[in-house]
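Presented below are the structures under discussion, each in the form of structure tokens.
Look at the two complexes coming up: subunit A is in both, with subunit B in one and subunit C in the other.
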Partner chain A sequence: MNRRKIIEQNIFRTLCGIASYSLIFMLGFIILIIFYKGVGSLSLEMVTKPPSGGYYFGGDGGILNAIIGSLYIAIGATLIAIIFGMPAALYINVHLVKRKKLQNAIRYFLDALWGIPSIVYGAFGFTLMLAMGLGASLLAGIITVALLITPIMIRTFDEVLSAIPMGLHEASLALGSTNTQTAFRVMLKQGFSGFITAVLLAFGRGIGDAASVLFTAGYTDLIPRNLDEPAATLPLAIFFQLSSPIPEVQERAYAAATILTIIILIISLTARTFSRKFTRTSIK
Partner chain B sequence: MISYTTQAEAWPVNRKASLTISRPEPEFRIEGLNVYAGEKHILKNINLEIPRNKITVLLGPSGCGKTTLLKSMNRLTDLYSELKVSGHIFIENDDILNGTKNIPGIRQKMGLLSQKPFPLPVSIYKNVAYGIRLKGIKNKQLLDYNVEKKLREVGLWEEVKDRLHDSPERLSIGQQQRLCLARGLAVKPSIILADEPTSALDPVSSKIIENLFRDLKRHYTIILVTHVLRQAQRLADHVVFMNYGEIIEQGHPRDLFREPKTPQLKEYLVDGN
Partner chain C sequence: MLKTGTVWKQLSSGWMVSSLTVILSIPFLIGVALLIKSTPLFSSQSLWQLIGTSEWAPSEGRFGFLPFIFSSFYVTILSFLFAAPVCLLSAIYLTQFASPRLSTIMHPVIDILAGIPSVIYGVWGILIIVPFISQVAAPLFGTTSPGYSILAGGIVLAVMCIPYMLNMLIETFRTVPVGLREAALSLGATGWESVKHVVIRKSISGIISSFGLGLAKAFGETLAVMMVVGNMVRLDANPFQAGYPLPALIANNYGEMLSIPRYDSALMFAAFLLLVIILIINLVFRYFIYKAQKV
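So, the complex of A and B:
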């Protein structure tokens, strides 16, 4: 190799290195700051109790209402997204394999839906809620968040499925499987780790979104016991506390952010372990 | 209605067969098969009879339409929007290209072996059991028996019997190819469609597959696509030489390879050797 090529090689390697490591550094930095600022006000009380009077002015209690509310909404919405999204992604890649134009049209629309800001979903959900005669409630929140995350779920899973070689698809059909058997017995298994990624991405987006639940789920100090009761959420808890002028309350916002991050980490790790068991026999 | 016409059509054929006893009925009869990919005419008016329990080799340079011909036989051409298929392919007088058909059922009459092995994302055992299960067989003993039998048939049993429930990923590519063959045979087909099945394999594994084919032709009709002349010479009972989407010449390998009639085949034989 001549000198010029070696220099070129080195420059690009350094640039790529900087780009990747700076991303990891940024992620680490964000987590560190949140933990650093929040860990002081983290307490057992915070995760085990709903707010008692005057919590947002520095009173006693915790944010259990928001933790539970967020989990209810995110899990509910993710389940709906799975119920609609998983078959949809499989359908696009198995049943519509011959109809490239339709496939592309569907993908285009899903991408467009993915790109819509969540406040627009919030507004749409609000209209829907009024039309259905619902008040700000857990159910309205779940439906709105489900609308927000279903396209994300479908497109992420779809990307993985579309990368599965045609040979596997052909092999399954050649053995006499129908399209549906190919979808659920072969493609789903082969793309299972991608499916888990899709679920995680959807869940993370769902639990972290504030704008879509602002009008639809509302906010309350109580833990919801029914689908028609309003529900508090962590992003809104962070928002309300961070906008307080009292430093102690602001600190609690960081603690709430820490809790949100930890929840996402736990869910992500569990799902990864779970998926590894399932994809033991998939072909890499 | 359909069964009536099929029987009516079957009559003269059977009578003809009984008159010329020496010639068994072909496994496949292809009539006027045309395949277009967009504007491109990739198979041009193919008429072909595939003899039963023989190895028929589709020979020709890359891109001559061999694989497309093979894929139209089990209707995998259905998967590609750009392919327009017309004509007739008869199996037991049943035209598989026309009318609404039980396509999975048709495909189960044939085992497919592709260029590269594509094991299913399940254990070795489940790979072989997959097709059997699709036929509705759930009995564990019956499955065990069949899985072992098919793995023995391809000479893989001794190599995998202790890791039946592991992923096939760890197997060598040659073993994976034999697993795919066992998986195809487990569906009890009468035909094996093999699309350059040794092109990704090392010489030793290729030889194993070739020897298997020699044994298997007693029970199966084998259609082998290859561009390797020597492989065709080693295996073929009947050779179909194709070029530019047309059948140029066909016949017994002895006649074809010793005295090629067409300049295309002569050229191919010279270049290939």
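So, the complex of A and C:
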């Protein structure tokens, strides 16, 4: 064989290999840096107490308000996403299974929805909030985040459902069950681990997104007790503390970033163990 | 029994249909709402004045979006230049050359990279990229830089977009039939030649689409960019200086937008611009992908 060809092949193979391994390096680098800066000021107080009066000048307290606020918003939004997303995904895969064109059109559209940036959802949520006469509140944050994560949930669940063999579906219909019974009793059960993966993915996106809650959920040092109260969120806690000129407060931003990273890692790994059965990956 | 069955059936299928309808109507609702909110802006300035001029003085009622649009495109294209080669090369490696073991390691890596929230990328950018630019990169090119710059935004954005583009590229390359590649190999092509002449050529529309969607994703990214880009209104081609992309404009000024007349309309118009640009890019390139997958 021609020597030049082999040299070219080796050069490009090496380049490709470097590019791939650099991704592992990148991930390790990001996580290490965040942990390295954050672990120092991570303490039990950070995760068990809301900020006290002098917190933003380096005083006592923690970011419990943001952790709880983020959990409330992500859980609320995920519930709404399940209520709308689960039946929608089932409908696409059961009732519309014969109408391939319509199915594809809907998927096409949902993928495009997925691409809308969260800041646009945030601006829309803000408009909606004013129109409904609400102020920055937990409820407004939940609705906005729900809008953001529902397409993600549907498409992830839909990918799993569409991989279920047609035979199972037909067998269920042949036994005399209706489309709806097939959807909830057969397809949902068969795709349940995919459903959990979709829920976890949506939850992870909800807890980590900042641009959508910036307008709508507001920020407060208190732990919200009602849907119409504002709520702090973890990403915004990081963002606001980082812009403080006081070094102690910045250190805590790093600690908060460490907490958020740990939460996201746990969610990703759990989602992975659930989705291990399904070899097809989802586009994020 | 039969009766409750039918009621349940109607209830649940109604639930399914209405959920789907609600979700599919969201983009129209968003577009209409943002457009209505931004109409007061058009009473004093034409569309061309809005997007073609660069004077930004909200308190005097003058809104020129050009610097923001310019910064947005600048950051996006810069990030694309960094991310695209890495994505293309590693997608080729992972689908054509890599051992199955590496692929099983890479999947969670890509997933986790995609799942890291943008604020974490922002913190990382402030800790690593910003000092790197002001202390290493700028002196290397013989200029000075505050660090918080277009270039910093581009680099952070590139890292964020890599998992997104890479996933789509991998999907694209997977659809190329193995037989095609084997045919090239049996004709005496080297492994790389079969990739260059067969795999890439066969999936060219998928590659372009993945790149397009990656650009759209980068265009709308807010928080991470905003944290490192400097946020100064200016039209400057120097990547070592600060910029001010559209999403950052919206996110930074929501607090004061209700106190200055027409400021809220201006920000909603910015959101509308983002929505339109990104939705168009998405619809066009997604269409290519669907066409390519059918063939």
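FYI, the second predicted complex is superposed on the first by the 235 of 284 C-alpha atoms of A that agree within 3 Å, B and C clash if a C-alpha of one lies under 4 Å from a C-alpha of the other, contacts with A are read in each partner's own complex, and residues count from 1 in each chain.
The rule is short, and it goes like this: contacts are C-beta pairs under 8 Å (C-beta built on N, C-alpha and C of every residue); 3 or more make two chains touch, one makes a residue touch a chain.
All of these numbers come straight from a predicted model, not from anything done at the bench.
Novice: Of subunit B and subunit C, which one touches more of subunit A's residues?
Specialist: C
Novice: Would you sort A:T178 into first (subunit B), second (subunit C), both or neither based on which partner it touches?
Specialist: Both partners, subunit B and subunit C.
Novice: So, does A:Q190 touch the first partner subunit B, the second partner subunit C, both, or neither?
Specialist: first
Novice: Report for A:R4: first if it touches subunit B alone, second if subunit C alone, otherwise both or neither.
Specialist: Once the two structures are laid over each other on A, A:R4 reaches no partner at all.
Novice: Where does A:V97 make contact in the superposed view: on subunit B (first), on subunit C (second), on both, or on neither?
Specialist: After superposing on A, A:V97 lies in contact with subunit B but is clear of subunit C.
Novice: Please indicate which partner A:R225 is in contact with in the superposed arrangement: first for subunit B, second for subunit C, both, or neither.
Specialist: neither
Novice: Looking at A:P165 after the superposition, I want to know if it touches subunit B, subunit C, both of them or none. Which is it: first, second, both, neither?
Specialist: A:P165: touches subunit B, not subunit C.
Novice: If I apply the document's touch criterion, which positions on subunit A are contacted by subunit B in one structure and by subunit C in the other?
Specialist: Looking at subunit A, the two contact sets intersect at 178, 181, 281-284.
Novice: Quick check: in the complex, which residue numbers of subunit C touch subunit A?
Specialist: 8-9, 12-13, 15-17, 19-20, 22-24, 26-27, 29-30, 33-34, 37, 85-87, 89-90, 92-94, 97-98, 102, 105-124, 126-128, 159, 162-164, 166-168, 170-171, 188, 190-193, 195-196, 213, 216-217, 219-223, 227, 247, 250-251, 254, 267-268, 271, 274-275, 278-279, 281-283, 286-287, 290
Novice: Which of the residues in subunit B come into contact with subunit A in the complex?
Specialist: 74, 76, 78-81, 104-105, 107-108, 110-112, 114-116, 118-123, 126, 130-131, 134-135, 166-169, 180, 183-184, 187, 193
Novice: For the complex, give me every residue of subunit A touching subunit C.
Specialist: Touch residues, subunit A against subunit C: 1, 5-6, 8-9, 12-13, 15-20, 22-24, 26-27, 29-30, 33-34, 37, 83-85, 87-88, 90-92, 95, 104, 106, 108-113, 115-124, 126-128, 131, 147, 150-151, 154, 178-181, 183-184, 201, 204-205, 207-211, 214-215, 235, 238-239, 242, 253-254, 257, 260-261, 264-265, 267-269, 271-272, 281-284.
Novice: Using the touch definition up top, name the residues of subunit A that touch subunit B in the complex.
Specialist: Residues in contact with subunit B: 97-100, 165-178, 181, 185-186, 189-190, 279-284.
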